[in-house]
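One structure, as structure tokens, below. Some questions next.
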Amino acid sequence: MSQRAWRLHIRKMIVLFTDFGLAGPYTGQVNAVLQQNAPGVPVIQLFADAPAGQPKPAAYLLAAYATWFPEGTVLLCVVDPGVGGERRGLIAEAAGRVYVGPENGLFELVLRRAARPRCWEIGWQPPMLSASFHGRDLFAPVTARLAQGEPPAALGSRAEPRGYPDWPNDLAEIVYIDHYGNALTGLRGESLPPGARLAAGGHSIAHAPTFSSVPRGDAFWYVNSNGLVEIAVNAGRADQALGLAIGSEVTILA
Amino acid sequence: MSQRAWRLHIRKMIVLFTDFGLAGPYTGQVNAVLQQNAPGVPVIQLFADAPAGQPKPAAYLLAAYATWFPEGTVLLCVVDPGVGGERRGLIAEAAGRVYVGPENGLFELVLRRAARPRCWEIGWQPPMLSASFHGRDLFAPVTARLAQGEPPAALGSRAEPRGYPDWPNDLAEIVYIDHYGNALTGLRGESLPPGARLAAGGHSIAHAPTFSSVPRGDAFWYVNSNGLVEIAVNAGRADQALGLAIGSEVTILA
Amino acid sequence: MSQRAWRLHIRKMIVLFTDFGLAGPYTGQVNAVLQQNAPGVPVIQLFADAPAGQPKPAAYLLAAYATWFPEGTVLLCVVDPGVGGERRGLIAEAAGRVYVGPENGLFELVLRRAARPRCWEIGWQPPMLSASFHGRDLFAPVTARLAQGEPPAALGSRAEPRGYPDWPNDLAEIVYIDHYGNALTGLRGESLPPGARLAAGGHSIAHAPTFSSVPRGDAFWYVNSNGLVEIAVNAGRADQALGLAIGSEVTILA
């Protein structure tokens, strides 16, 4: 893609996918850097409570939600337990979207599911880099530059990212508990036979199309609005009712 | 109102009143839809923690806080336990403000307190409608169109909303616990005699004008900055000190 | 500084430092006032979970994080247990930044660390002032005016702020627990000898440069990305592992 084509391709929308939380200083400081380096570019706060320090479940969550955004979106993704250590910083392009963040598996599923993904190791260096907050000091300014149309090659050099071949294509675990207590798995809806039952937390769970199709208090699974298999309880919290947390195993019953 | 008058009336400000939470994907995806369909229109996040799945207490909370906003504001309101079922989608106009959301009682008090409210059943259909996230797929694009001056009649047909005649004008229950642990009731200040005492959680609670007028640790009630009767503890959490939660009954003592 | 020089100095960026929480109505209503009174000025949400009702630890937190922002930033700061009582409203200018909030010690460290700080008692009065929400009714409109270049002298008269001479320059207490469970102290990194050990929660804690330099589950202290001494546990929550909360004492061991 020519530099001009790249510029036209970029949608000037930044999406945040992090484990920073919202109330404290981390998301705010990242937003301040984005605002100062890419003024006027809208910033969409997608997840601030991605699995804290756990790139593997976060990778399945990211892959399901990133594809909802249009091509040309730039996603700043930080779940980064190894900050300050040896891991590299990456820019990844997959299916027309651009991802910025640490090389620790977070982009594994996004890359695996794309036709011709490309990666760059970030070479650009900020004037000041703290040991513990690369999201603010490194990844945010790189994101701001990409969102304004700067090409990845200006910020790094092509690289083959580390692969995680032992990670499955769909993860039969809980990867996220939402605000309502619903438990999202790393399984895409199409990976399950339609009549399947799931076992999780010692319970056997049948499929239902939506909340209002089961009695109050009953558990069921359904394919959520981003294509993931989700376990819920009508008018209740599935996490508490079934004893589920991030990392809980899910078994697909025949 | 002519279409031109309507356009001038709309303030180009969107207000969110939901039970979506902020950290997870729901508010972010709604914001992305609003940003793409009504670019540049400011979005004010009012409540993301309205009573989860409980339209009745949410209706009293909404009615108290919506009127603080200027006429012409468009409010996207989603507390929607029946999503995916039979309930209709509504546009409501009341006292110059416009509301978008599910027909489940959420707008009952707003409509009841307005002089000449009008409602439309949403007829507009999105290209893709998930079963579980009408806030993102249906109500957000409708809100974006209204906030840009499209008239309700272009998006639906006039309808008589379902009424909830057995709901009182003021609700003697806790409808919200705030960040400090203060317990908001569904009672408007003017519905109480000035010297009244309240009973709640087994405690008898006297009126005080403000926090600093009672000793530390003492409970009191006052009329909050949006006109609701609120139970608080100076330098403490009323919810924990008095055992209050959403739905707790409040009795007005003579 | 002339009025024109002042206008050029102001950066048109507003930063929020409060204990309001994000999900409920307080931050949203403040944002609505800012948006209506200073349209187009970016608002950065820095802290919404500053120590609730505790101006002293909040003052050390504010002083550490405010200086990260460029000169000319206007900071709206509300930790205000005395709202509705006698305390005054202040505008403070310190090291080129402008602060708006209650006079209760919140600005003590910011003022003490600045070369030639100046203060004004807010004299401007809003059309309607609630007893319990000066953040929305008084401090937000004043902030909006300052952020658009109105000089402090137009909104108040010069005043000598109340001093807190018994407060130390660095506070050997936990002043904030972050989203990951890390415990921030009110100690600046430069106030500690490099090889110092800390005692907190009955544990003795050694220094380490960053998370990845200690084994999983080990506690350590480091100087965080805003210069404060922070106690953390690699791949764990320091607050739970060490029994720390806001107000917990920290001792510097020789």
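When the chains are written out, they are named A, B and C in that same order, and each has its own residue count from 1.
Everything that follows uses one rule, which is that a residue touches a chain if its C-beta (ideal position, glycine included) is under 8 Å from a C-beta of that chain, and two chains touch if they have at least 3 such contacts.
As the structure is a computational prediction, the values presented were derived from the model and not from experiment.
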* Asked: Taking all residue numbers at the chain A to chain B contact, is the shared part over half or under half, that is, same or different?
  -> different
* Asked: In degrees and to the nearest 5, what turn takes the CA positions of chain A onto those of chain C?
  -> 120
* How many angstrom between the C-alpha centroids of chain B and chain A? -> 31
* **Residues within chain A bordering two or more other chains** => 21-22
* Spell out the part of chain C that touches chain B in their complex, as residue ranges. => 19-29, 31-32, 35-36, 39, 52-53, 81-86, 130-133, 136-137
* Considering the complex alone, what residue numbers of chain C touch chain A? -> 13, 15, 21-22, 42, 44-49, 65, 68-70, 176, 178-180, 209-213, 222, 224-226, 235
